[in-house]
Amino acid sequence: MNDTTLKSIAKSLVPENYLSLANDARAERDKQIKLLLEQRKLPLSGWSEPMIEYCISELALLDSNNFPSRCGVGEREGRVICDLVRRRHYNFAHGIGRSGNLTDAQPKAAGSTIMANLTNSLVRDLIRSIGIPSCSHAIVVPLATGMTVMLTLRAIHSKRATSRYVLWSRVDQQSCFKSILAAGLTPIIIDSLLTPECTEQSLNASKSPFATNLSEFASKINELGAETICCVLSTTSCFAPRSSDDVVELGKLCKAHGIPNVVNNAYGLQSSYYCHQLQQASRTGRIDAFIQSTDKNLLVPVGGAIVAGFSDVDTVDAFARLYPGRASGTQSLDVLMTLLSLGRNGYENLLQERKQAYDKLLEGFTNLARTHGERVLPCRNLISIAMSLVSFETSSGRLEMIGSMLQKRGVSGCRVVSTADSKTIDGNTFQAWGSHCSKANVPYLTASAALGIKPEDVANFLAKLDEVLRQYRTKYMDHGK
Amino acid sequence: MNDTTLKSIAKSLVPENYLSLANDARAERDKQIKLLLEQRKLPLSGWSEPMIEYCISELALLDSNNFPSRCGVGEREGRVICDLVRRRHYNFAHGIGRSGNLTDAQPKAAGSTIMANLTNSLVRDLIRSIGIPSCSHAIVVPLATGMTVMLTLRAIHSKRATSRYVLWSRVDQQSCFKSILAAGLTPIIIDSLLTPECTEQSLNASKSPFATNLSEFASKINELGAETICCVLSTTSCFAPRSSDDVVELGKLCKAHGIPNVVNNAYGLQSSYYCHQLQQASRTGRIDAFIQSTDKNLLVPVGGAIVAGFSDVDTVDAFARLYPGRASGTQSLDVLMTLLSLGRNGYENLLQERKQAYDKLLEGFTNLARTHGERVLPCRNLISIAMSLVSFETSSGRLEMIGSMLQKRGVSGCRVVSTADSKTIDGNTFQAWGSHCSKANVPYLTASAALGIKPEDVANFLAKLDEVLRQYRTKYMDHGK
Amino acid sequence: MNDTTLKSIAKSLVPENYLSLANDARAERDKQIKLLLEQRKLPLSGWSEPMIEYCISELALLDSNNFPSRCGVGEREGRVICDLVRRRHYNFAHGIGRSGNLTDAQPKAAGSTIMANLTNSLVRDLIRSIGIPSCSHAIVVPLATGMTVMLTLRAIHSKRATSRYVLWSRVDQQSCFKSILAAGLTPIIIDSLLTPECTEQSLNASKSPFATNLSEFASKINELGAETICCVLSTTSCFAPRSSDDVVELGKLCKAHGIPNVVNNAYGLQSSYYCHQLQQASRTGRIDAFIQSTDKNLLVPVGGAIVAGFSDVDTVDAFARLYPGRASGTQSLDVLMTLLSLGRNGYENLLQERKQAYDKLLEGFTNLARTHGERVLPCRNLISIAMSLVSFETSSGRLEMIGSMLQKRGVSGCRVVSTADSKTIDGNTFQAWGSHCSKANVPYLTASAALGIKPEDVANFLAKLDEVLRQYRTKYMDHGK
Amino acid sequence: MNDTTLKSIAKSLVPENYLSLANDARAERDKQIKLLLEQRKLPLSGWSEPMIEYCISELALLDSNNFPSRCGVGEREGRVICDLVRRRHYNFAHGIGRSGNLTDAQPKAAGSTIMANLTNSLVRDLIRSIGIPSCSHAIVVPLATGMTVMLTLRAIHSKRATSRYVLWSRVDQQSCFKSILAAGLTPIIIDSLLTPECTEQSLNASKSPFATNLSEFASKINELGAETICCVLSTTSCFAPRSSDDVVELGKLCKAHGIPNVVNNAYGLQSSYYCHQLQQASRTGRIDAFIQSTDKNLLVPVGGAIVAGFSDVDTVDAFARLYPGRASGTQSLDVLMTLLSLGRNGYENLLQERKQAYDKLLEGFTNLARTHGERVLPCRNLISIAMSLVSFETSSGRLEMIGSMLQKRGVSGCRVVSTADSKTIDGNTFQAWGSHCSKANVPYLTASAALGIKPEDVANFLAKLDEVLRQYRTKYMDHGK
């Protein structure tokens, strides 16, 4: 409904002076949208639902499948037969990208194109504002993290066709490892360093017992030859007691040897520490791409990731160009709606609440550990916290009961790890699977203060954990001891 | 998103030539909306869902509760606390009307005002196009038929303050009768005429055994004095075997005596016959208002009615002015969305399908009656059909079992009427309640071919009825006979 | 999806142990719904959106229009042709009530019936919990306040057929007065008392200059005779500087003379003071019904009201029985969803926030008045506040410009009242219209701290008002003075 | 709301006998869902929207993010911060698959797991029913066709680690070719055969001028060695005048040499001919996987594909196992809702309508060609039709104007191909790009009768094409000639 429509006509339906206030409001709304499209920056304050839907709907109406009179004789015309499906996609149907490039504009879908590009711009703006100001490229990819890492590896490999190896700092999360295999490359597993002298609550980097084995990385590079190495792959956010990899030193190493460097920053945007490490690494070393999930960092349904990079290397563009064919626009739309609803202030509030929850969780864990004769395992990990379970381990070995007792009480996401397990993936055997390090020998449980957690979640968890540990001791352990 | 927004900005987000086709589409869409607001006539073809929602949403954004920056310090600010509720009302919150008049514009709600006025215009256009071209006023009222009749009576009474009586042609539907009582007026019940000589299938007016007792109306007017009579109240659409009242002759009578004439046209818009009768009555006689439900005539949820009238009397305006305070806009919105989605063609298709279903139902009933030794009761009723159940009536009297057997088979809306019942409402006793006439003595069942009925409904019903009648005879009746 | 469905089948689709936690959650959910249906009390905590929609959808599926296989041959089958309309009504179509009674169960619509009855129960529970524990009946009516007052008067009149008058304590809000006229009754206007000696901030009842003219009520009763009086009609919540009527004393007066007593508690549920007055009046005197809007008290779209009463009189039941025919279920559904989403805690938070906003608004007004040489007009009004504008009144008389200047700044709901106006409604002339009292002579503006107001609304308003008053003085008033 | 809830409680809210019919309906609904979950076959008739949403919502409530009381301390808890996003995903948040396998069950998401598995079963059932009864595996993948082909190649390669080549029957659609490159494999391009003697309308296989160059395939296998070949990749549905590849003969060739065979059946499910070819090929030869888009074959938004296979090879399982990490559940949900809304009958109606539209388009094209002195290019293509433009080609060469003139008239999807173009992708040059064959020398335009096309689309297109061709001749061509 443009100005002409309203101004010239509605007088007979409503007095003009009543309309003029409404027109002012409409102008204000249009101005905000104009500003968004011009500056492509995250608004400071979140938008209301009607405002978001207004903007989204207008964009969707720019796609050819929504043109009032049209005549489609192609093989792909964005027809959606089920109304429920059409509605939930806000009348978007064409997806994003073209056969040539994931970020190319679609002739039939101007609205989808704007939507996707706008989303990418807002995401880049967000990343810059929360600690990585040098970030120059960021795109939302309709693939979860594992597939995105895989395709990033392939994009890098396409420019290093003779390389074969990925130097991978072990992290016991299957999909990251499988990404390397799925890319058709050979993983070289670099086990974490584990220093014995660790004291409780020494949570700074220097004292963390877990560390990236930098010298092993260096020696592997020498052994295999830099040109055979497709890239280094490390991880920031992970389950405690594993620490974030030392991405700054790895960045320097990669720069020194001219080896691409990929960082799995899975849910690391929610921690300013990880963001600053990435920023630092890009300045003093080399990072070709860092990858993070949209679900964990932006609280949308699972299915998307963000590939981001810095201006000196063009891996993000290479990724987009490698992507064969079209892709779902759903993840971009979810991210766009979420970012508009939060605004920068909203996201910063989420970050703060998470930080407070983490502090509360750490304090609670520390007290609980003291009560039960255990300790919080020190590590450079700003999201996940691990508490030892040494005194709960018995010959009868029912440590996993703790996990299932918690689950029955509605606790999800708490992992109980015994060091006894090993796991083989596609011929590669990992000792002490779950502990990220072959030499780990301390059983433990972990919990995370991840984005979106509520203070009451922390309080409930601590209360339930205390109860479970007491019951476990009574029920499954030798009373005499 | 106005032209300026799009044209100047989006180039960096999408190639200009892709946008130009989208802009053409947008212009086409805006042109349709402009046309609608200018002409306020029902579009020929129905609109698509995205188009309807686009138009509705734009209107809602003209209401002050949706202004981006606002500061409300009144007692009624259109605040909606529950998002689910807000969403289902498309962000409309202010209702319609003002304290002074149901059709007055609201300063805070230009969008709601346009919405309601537009709906009224489209409804009037529809009424004119389907057989009542002289209709000059029509408003959608957020009251069901009973309450609307009641308020119409009050609006008429407010101009005939000394009158007390409503001359009412008996129809056995409680809420119509109660409308008179609720209005604080005294009903004078004029029983239907029932001529004995009725032959099967003589469905034209002259042969219908049920007839409006015109002479009784005339004699009551003489008896009570025209000035004591608030109005005459008659009914078109009703359950067979009652016929539509003879609104043409009643109109003449009212005109002759200067008595207001109100017609309950409950679901009569769906029959061109009833529409033509009203049109005829307005030309040769007098009709002050005719009232019909929105649910039955426009297939929306229960809750609204249309009060319509002709230019020579101003009862519709009086109704609007009498209405104290604001009212729900939900019914207007339902009607608007429905009319836009149907278009004139869509509504005419519905009318045709109903007509065909009626013919099929009549044919089926006639055959069934023949098989079971019964007959279709003749009447001037173009929606409902009644079949006698004389041979099913026994001394044990379980005729109502037929209804419940049908219900168990998923048949709803089929009424089984025995003439044995009487009913007392507020001191008024009706003999043979359900038969619309004290002298009725034929038990029967009725079924309707009402708007929205599907051919398969008719077929299923006839099959199930046949089955039920056979089973009933076997089970509940004397086998020997 | 009942237990049998899930338990027996899904094993092949998902491991059984994963399902068992889900089943626990399902059981918990069902238990909450069972509790709600059994106890029919407002839950303490609000429900989540998915939970609310789950419950609502299940209820809707109990209505015959949603039965998978059905065959409808009635004239009203709940058919909804437009999908958009169907969806926004959550598949409800049959409305509520029957021709006999607004609260009667509908055979075709078990779900709608439960929905409406449940809503009434929850509303009654809410009313009881916030200060009127004796409330025994409460029903949500799909009519806005004005129409509801009108129908309440008719319900009372139906039992006092020979009465004609409504003794009405003047309040300058048109729809309340029009309710009496629309009901066909004769209003006897009792002007407010206005005592001259009023000091700033004397907000308790004894010092309020506005008061219900109790002696005039008494003398009118004597003059006209109790039996000619249909009822007394007074008002609690209203625009300052009018005070709430003295419902306690009026209640005693009515009890003494056997006259029905109706209170327009328009938006009074949001103030504990008004609630307590009603409770008190019902104990020491007589209240037949008190009426309040759903939009202002429960923050739903305009269109509904609550008629409530106490056990000694049965006006609420009489109201329901008088209501002719069916009615919209939309208002009940809005209220149900809103109450479930808020829970008792949510509503109490709203009440507290409102109270705080009121205190803040009063403080701000007081300071502003001091700055501008004006005063806050004292009254027994816990929602609306009035500030005098004596020094802004000039011979050129452009006081209304203040209102329009505020409006241009996005302020809505602020009323500027000059005492110069008079208004005639249906032959009745009101001096100083807007001031609720013929003798009022102080120009003023009012603002309300009504339910749902945000602290920033108050702050914004005060800032803008200050700015406007300064500009007004500069622009429209004699600078020399 | 289980049986217990309803049966025991609601009596006080609604009469028991009204509920019993509703309970019957509920039982019927639950029975249909039970049947669906038990048999996992596409229902014969489509389900209503309320029924689909009921089923979907119940499944979503089985996921842990929707449990009423829960306490999440993991890093991924399915939190969705933006209500608009949550709603459009029907409260699903966890995606599908686990790190180990795309089809693995998720402990936290029993509902998502059932939803995804059920969708896969229904899709397999559909594929079997429309012409490929031997299909044993089919999964919906949240990747568009190009990425799915790429990952299929990688899955096959993971079991043939030393192979390098993909023998690819040329089809000029970029994303298919790019899939091979993105997979890190080397394409061997086998140009189409183009026999000169082709006569108009000889649309059967034997006479089509375009043919798969089987002997070139055979000689390449011999030249490179079967073990170096990762797989053969051919295409069924494509733009005319290219024909579908001879998948039956390719299947035999692959079987003979033990080479995997992948078929890009992009939008081939909508043609029974292509389906039967695949079925035939699987019986007489070898097909490891055939891939098709969900948007074109099932009319959902772009973003998904179906990987399907036969029981003798396990490529579909390998694909699922290779997939690293979790994935979006959106595509599965779209497909599930669409299939339930259509039912088998609905899908078969779509197929029939498409077939009729194809016949109509072919007839129209044939007539138009005759009028304009051109011919329909014969080919084995049951969806797309090409008409020569020989007489429109001029030295000035503005053939592309035809396309843009059509576009301006709202025609989308009509391709105008001049044989003059060549294109280089990643170092591979294609002569006569767009014509699928280096030796092609006939300019032409194509249009498709694809699933979802309406009869009026065909009629409109033919009329507009005729108009455009006439105008083009007048405007751009030498009149004298």
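For this structure, a couple of remarks:
Order of writing sets the chain letters: A, B, C and D. Residues in each chain are counted from 1.
As a convention for this text, a contact is a pair of C-beta atoms (placed from the backbone, for glycine too) under 8 Å apart; a residue touches a chain by one contact, two chains touch by 3 or more.
Worth saying up front: this structure is predicted, and the values here are computed from it rather than measured.
The minimum number of touch steps linking subunit A to subunit C comes to 1.
Taking the CA centroid of subunit A as reference, the farthest chain centroid is that of B.
Mean C-alpha position of subunit B lies 48 Å from that of subunit D. If you average the Cα atoms of subunit C and of subunit D, the two centres end up 57 Å apart. With centres taken as mean Cα positions, subunit C sits 30 Å from subunit B.
Residues of subunit D in contact with two or more other chains: 21, 49, 53, 64, 67, 69-70, 83. For subunit D in complex with subunit A, the touching residues are 49, 52-53, 64, 67, 69-85, 88-90, 92-95, 99-100, 108, 142-147, 149-151, 154, 157-158, 173-176, 178-179, 181-184, 237, 239, 266-267, 293, 295-296, 298-304, 322-331, 334, 337-338, 341-342, 350, 361, 383-384, 409-415, 447-453, 457-458, 460-461, 464.
The residues of subunit B lying in touch with subunit D in their complex are 21, 83, 407-408. Interface residues of subunit C facing subunit D in the complex, by the touch rule stated above, are 1-5, 8-10, 13-15, 18-19, 21-22, 25-26, 28-30, 32-34, 37-38, 40, 48-51, 53-55, 57-58, 60-64, 66-70, 83, 86-87, 91, 105-107, 109-111, 113-114, 117-118.
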